[in-house]
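Heads up, there are several structures right after this.
Same chain, two partners: subunit A is paired with subunit B first, then with subunit C.
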Partner chain A sequence: MDPGPIATYLPTLVRYAGVAIGLVVLMIIVYRVQIALGVNREAATGRALVVPWVVGFLIFNVFTIGASLYLSFTEYNLFKAPEWVGTANYEQLFSLSLAPLESPDQRSSDALPRRYDEIIRVQTASGGFVLGAKEEGFWRAIKLTLPYAFLSVPLGLAGALAVALLLNQHVRYLGFWRVLYYMPAILPAVATALLWRWIFSPNGLLNSAFAPLYALVNIPRPNWFFDPALAMPAFIIISLWGVFGANSVILLAGLKGIPAELYEAAAIDGAGEWSKFRHVTIPMLSPALFYNLVTSTIGALQVFEVAAFIQTPDSVGTFLNWLIYREAFDLRHMGLASAMAWIMLLIILALTALIFRSSEAWVFYQGAREEKA
Partner chain B sequence: MSRNRLVLLAVALMLALGALPSLAQTEPVTITISTWAGVDEAAELQVILDEINASQSEYQIVHSPIPSDYYTQVKTQIAGGVGADLYWIDQNNMALASEGVFLPLTDCLAGAEPGTAGDVNDYYPGILAVNVFEDEVYGLPWIAQPVVTYYNKDLFDAAGLDYPTPDWTWDDFVAMAKALTLDTNGDGEIDQWGFTNNGWPPPYIFVWQAGGELISPDFTEAPIDSPEFLEGFEFYLSTAYNPEMSPSREIIAEQGFGEMFKAGKIAMFMGGAADDLDRVEGLNVGVVRVPGHPRTGSHVTFAWNASTVISANTAHPDLACKALLAVTEGIHHWKIVSPRISQATVEHLVSSEPRKAASAEAIVAAAQEMRALPIFGNYAEFDSIFWSKFWGPLINNETDLTPAELAAEVRPELEETLPE
Partner chain C sequence: MTTTTSGTSAVWSAHGAGRGYLVRQGIVYGLLLLGAALVLIPFLWMISTSLKTEEQLFTGQVNFIPDPAVPGNYLEVWTKLNSIKPGMTFSRIIGNTLFITFLAMFGEILSASIVAYGFARFRWRGRNVLFAIMLSTVMIPGIITRVPAFLIWKQLGLLDTYDPMTWPSLFAWGPLYVFLMRQFYLTVPREIEEAAILDGANVAQIYWYVMLPLIRPILLAIAVLSFQGNWNNFQSPLIYLTTPEKYPLALAMRFFDQSLSKEAPQWQYMMAMATMMATPVLIIYFLAQKQFLDGINIGAVKG
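Then we have the complex of A and B:
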């Protein structure tokens, strides 16, 4: 018997209302305490108004991030209390072994200690060496995710810049084109992942379109997501879909903000179109490019949907974020998964820091220049 | 009235509203059941639940389906101390019982009448064993569907072949599969295959028939390098993506696994007894048990099974027990194949699913020879290693090692996951 919508949802609505009232009460308390301490009304009101955000940030960000860090030092399977294991999870992930190969034909498994699987093999005429890891899946995921980010981000930025430059021309129905190019950014990632899965399927749109070409050069239809050599290009092409839209709009806004006088001054100095682009457009656009580079890099390293919804062999399409999810929820290795997540965070932080450090050399802030002057 | 009083009044009002549901919730008690049922299956289940709810006044069962990402949500709910009172749990996830997240049913089943859903002696022992941990029963099976062979009679007729008979062997199967792999339109490309295997059916069927075991009965060994295991597994591999008898991985990915059978492109398909492949419109399909081992004569088959459990978080264990027994009894008259020995008859199967009348005899016969996976607490990890380091690399042709070489390598790692 269906209890009906009111009986079903009333307790939830009451809880929602309770949370809202609790936050309001907290805001009032924060406000009153500040007033009692002599803080002026405007500042007290401002601080009171950000209380809901602060509470949400503390509960849903600070607490969960802290809990994840703690769990990475534990063995935790969801149902039993976390057991402190120190750095064991990290040691497990970094258990690597480098072994020489006595001959080029020697099997990696014969050269490596037991429980270690090959992640890198280098062969020479006399032998070579093999690098193995206990958590080979983790290193395989990193080997997939990092090149994916390194390739997809620059290509995405270049494509977005090209689209933004096109949209910045005096074309008719500009609003329509802007909406069209932004559309991919607002479509659900799962839906687009499923669409791309079909496009790249053996008899999908792409292979059908190129069928005459395949016949001409006498090659079979490629199976994009099952062939290790083709999966990466396929994933990168998919990544460009969403990146074009969001990044293009930001870059377009940047282009619109470049003062026309700069181009006029450059023209008076005899600059051609390429010189204007190189010495005016790119420097003035560099803050927007910098922002896009940072957010795109973080997004590429955290890729999840395509890995979750496009079926590939494990060895071909297991990105790091997807591996973390499976380790956590399929195998309930919450501690190990948390350690992986923290390593991913450190990789993202390191790359982001690198981009920030490099920005001094190539990002031009007009305001900063004026301040210095 | 001051602003403060207004706020206090509002808080009091909301708290009173919050208390309303609990005041109204006198009798009957709500028992929730979560399942992975989609729209159609949920509608069929609701008929059973409505009958149960109408038959007594102690409790009302409310269905809370989770049709996608089921186990992630179930595990999270249970870990968070919330969620349903009853859950459907499949064989692999019954390993969660070892974590103490389900209620042991010893007390619940103590007074059960013989021949009812609570009578543990009426279940196939191998199916019930999936639900037993440390001598406690944690779940009542509601389905145990053996893998059977569906065959397209029209394709057999067109090839001039006799239909498979219950005494057929691996050799007969291979001969038929090869004879039914054809280029029917003469364009030089195969467009009809005798069989299909993309990782399904499970290899255990052939391993068990050859006398091999994935895990020893006492859960101390994983003898995947035994000659019997390897014989069965190698036969299984020989049926997968083999151009002489089955489509390639690419073709299956492109055209769909079951869809190819429904489209009349596959002559034989091994599927669960409850699958609807024998009632596809426009297809003339027969059902026979899986082929047997030529030497041992075994026709053992794999049984996919699932159970209903009581969450350890339930606030109403006694009523949840009553609901569990009632729901399980109802499902045993709905789903096929019932996991109960007393219901292993053609009559019972046809009364549960009249559309299976033509296949009922073969299904009931297969049920007599079905086996379940040997589940233990750490089975998910065992299964992950078995797939990622042995089964997957071999079936996907990602290793240069032979099955025997790989088995010797992987066995120690598998055995590290077994109970100590």
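Then we have the complex of A and C:
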């Protein structure tokens, strides 16, 4: 029921003010208690000032993540109390079965045990094998999301680096170029997802523009998001449009920060363009590249709006984040969805840890002292 | 742009302005223009489509200039939407979006600037550990907190209200903003604060009258980021709001998409709505572009 605008806005506004006042009071209490305990005023003030974040962190991160871990071991549909099921959700997700194919044209469903569906099928002349899972949707989502991140992030970063190097070639109207290249990143993801669905649609811009080419090689107009082989390139093109310009602006700032003396010194040592790039530009830029790599990877694994707005067959375009959302809020499988979310968290942590570990080998930090001198 | 003259200019003067240099610059500009075209074409296609009639949509040919142009699509889309849901008027949906955006923006900027102040300008035990923990929260995927958060809001009886999208911003929920502001606070000389203390100012006064004006450039950059983030927010309204009249623009677009264009996608209306949604964000971006781009760069490069 819609109570009308005023009755919708006003209560929220009142609670907003109440929470704000409550936080100020809490900050004052935290300060007073510390002073009473003999803490010096500087430390007491500093701690009081970060109270809003600490409270939010405890409620919206620590509590929710803990609760999510608990729920992942339960079955819960919002109507009945959560029921403890142990590791059943995880077992369900990791129920995999590898079966041989007796002949190349045997149906996967005949080779696999009951309630298992195909995720990967490898065919050879004499047979092959098929990998199946009970939660085949989950594995399909992983099979889509991880390669998407592994392809779109490096491509985006390489493109961004190329643009940043171009912009660093002493170009005129740099401000104009920066604004232009960053623009796609500022646009609402919802709007760009719709826009790209339209561009890639069977009669959309892309197919119309390439129509002569299709005629030349004699293929029908592709239906991008309905073809498993074409959906991935389409999704990657969308992601590149969204980020590479933005990343290039950030990398450009890094390039501008490289002292000219380093290039002069390299030139005196007889370094060519490539050598300068390899031994001056890349090491000096590596912290910015590293930052970009971490943030883009985390972002790519969580792609959501694109999946929400671009209709595809479930088996083609369901990204992990969207799958978890649907599992939780459409199907009300809160327990199973929580288990999926935990696996997603572990994937992100593992990948971030991997990037951090590798960074010791390739990221070059100037000593902080050296920088200040 | 002041930055054009710094950095690599010395390297270039060493090469001189010979013929090779000209050829090279030609290639550079050629590639930049190509990149610009790739950025602009989809964007122009969105605007072009929003001005077309239905017959112009599916000609199978590439045509960027609508003939005739029908700006009436921008009104028609709301008439269409009202015909499905009378309460979803233009003013209501925009009002909803602005209400959510401004409350969240205000909370984010205010709380992040206070928390960053505490992290940057005061020495206390546990500070660096807590700051590291805060930064590491960027790795937490939002979806993992969604189910329990949904249960909290359900318990509080606040589902289908704007509360989940607005006042949690007062808890400095964006670690990136705290980080960016802290970088800026660190550049303020200690003497300025000490002078204010000698004048008898308290912490609140120093924060409000001394520190905030000094970090104004980053406040503006964060205001743009925050406006963009909240105006475009899609996931939380999708989870929490169920009454169509309460929808912000992003959800209204999804509602429209799902209810009207099932059979034949009416792309001219969808693109009109997408353009409308993008316009305020773009205006603010263009107005504040210098401070915005410089601001986000400081965080990235120094981080």
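Convention: the second predicted complex is superposed on the first by the 356 of 373 C-alpha atoms of A that agree within 3 Å, B and C clash if a C-alpha of one lies under 4 Å from a C-alpha of the other, contacts with A are read in each partner's own complex, and residues count from 1 in each chain.
Just so it is clear, contacts are C-beta pairs under 8 Å (C-beta built on N, C-alpha and C of every residue); 3 or more make two chains touch, one makes a residue touch a chain.
For clarity, every value in this text was computed on a predicted model and none was experimentally measured.
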Subunit A as common anchor, with subunit B and subunit C clashing or fitting: clash
Contacts of A:314 with subunit B and subunit C, given as first, second, both or neither: first
First, second, both or neither for A:329, with subunit B first and subunit C second: both
Touched partner set for A:14, first subunit B, second subunit C, both or neither: first
Subunit B versus subunit C as contact partner of A:203, first or second or both or neither: both
First (subunit B), second (subunit C), both or neither touched by A:28: first
Which superposed partner A:278 touches (first subunit B, second subunit C, both, neither): neither
Residue contacts with subunit A in the superposition, subunit B compared against subunit C: C
Which of subunit B and subunit C A:109 touches, first, second, both or neither: first
Subunit B versus subunit C as contact partner of A:223, first or second or both or neither: first
Shared subunit A surface residues [contacts with subunit B and with subunit C]: 1-2, 11, 15, 78, 201, 203, 329
Subunit C residues touching subunit A - in the complex, by the definition given at the top: 1, 3-4, 6-12, 14, 24-25, 28-29, 31-32, 35-36, 38-43, 45-46, 49, 57-62, 87, 92, 95-96, 99, 103, 107, 111, 114-115, 117-119, 121-127, 130, 133-134, 137-152, 154, 161-163, 166-168, 170-173, 178, 203, 228, 231-232, 234-235, 238-239, 243-246, 250, 253-254, 257, 265, 267, 270-271, 273-275, 277-278, 281-282, 285-286, 289-290, 293, 296-298, 300-301, 303
Interfacial residue positions of subunit A with respect to subunit C in the complex: 1-2, 5, 8-9, 11-13, 15-16, 19-20, 23, 42-50, 52-57, 59-61, 63-65, 67-68, 71, 78, 163, 166-175, 177-184, 186-192, 194-196, 198-199, 201, 203, 205, 208-209, 211, 241, 245, 249-250, 253-258, 260, 263-264, 267, 287-288, 291-292, 295, 298, 301-302, 304-305, 308-309, 321, 324-325, 328-329, 334, 337-338, 341-342, 344-345, 348-349, 352
Contact footprint of subunit B on subunit A as seen in their complex: 1-3, 7, 10-11, 14-15, 17-18, 21, 24-25, 28, 77-80, 107, 109, 114-115, 117, 137, 201-203, 221, 223, 226, 311, 313-315, 329-332
Parts of subunit B lying in touch with subunit A, wherever the complex brings them together: 7, 10-11, 14-15, 17-18, 20-21, 30, 49-50, 53, 60, 62, 71-72, 75-76, 78-79, 96, 99-101, 249-251, 253-255, 380-381, 384, 388-389, 392, 396, 398, 400-401, 409, 412-413
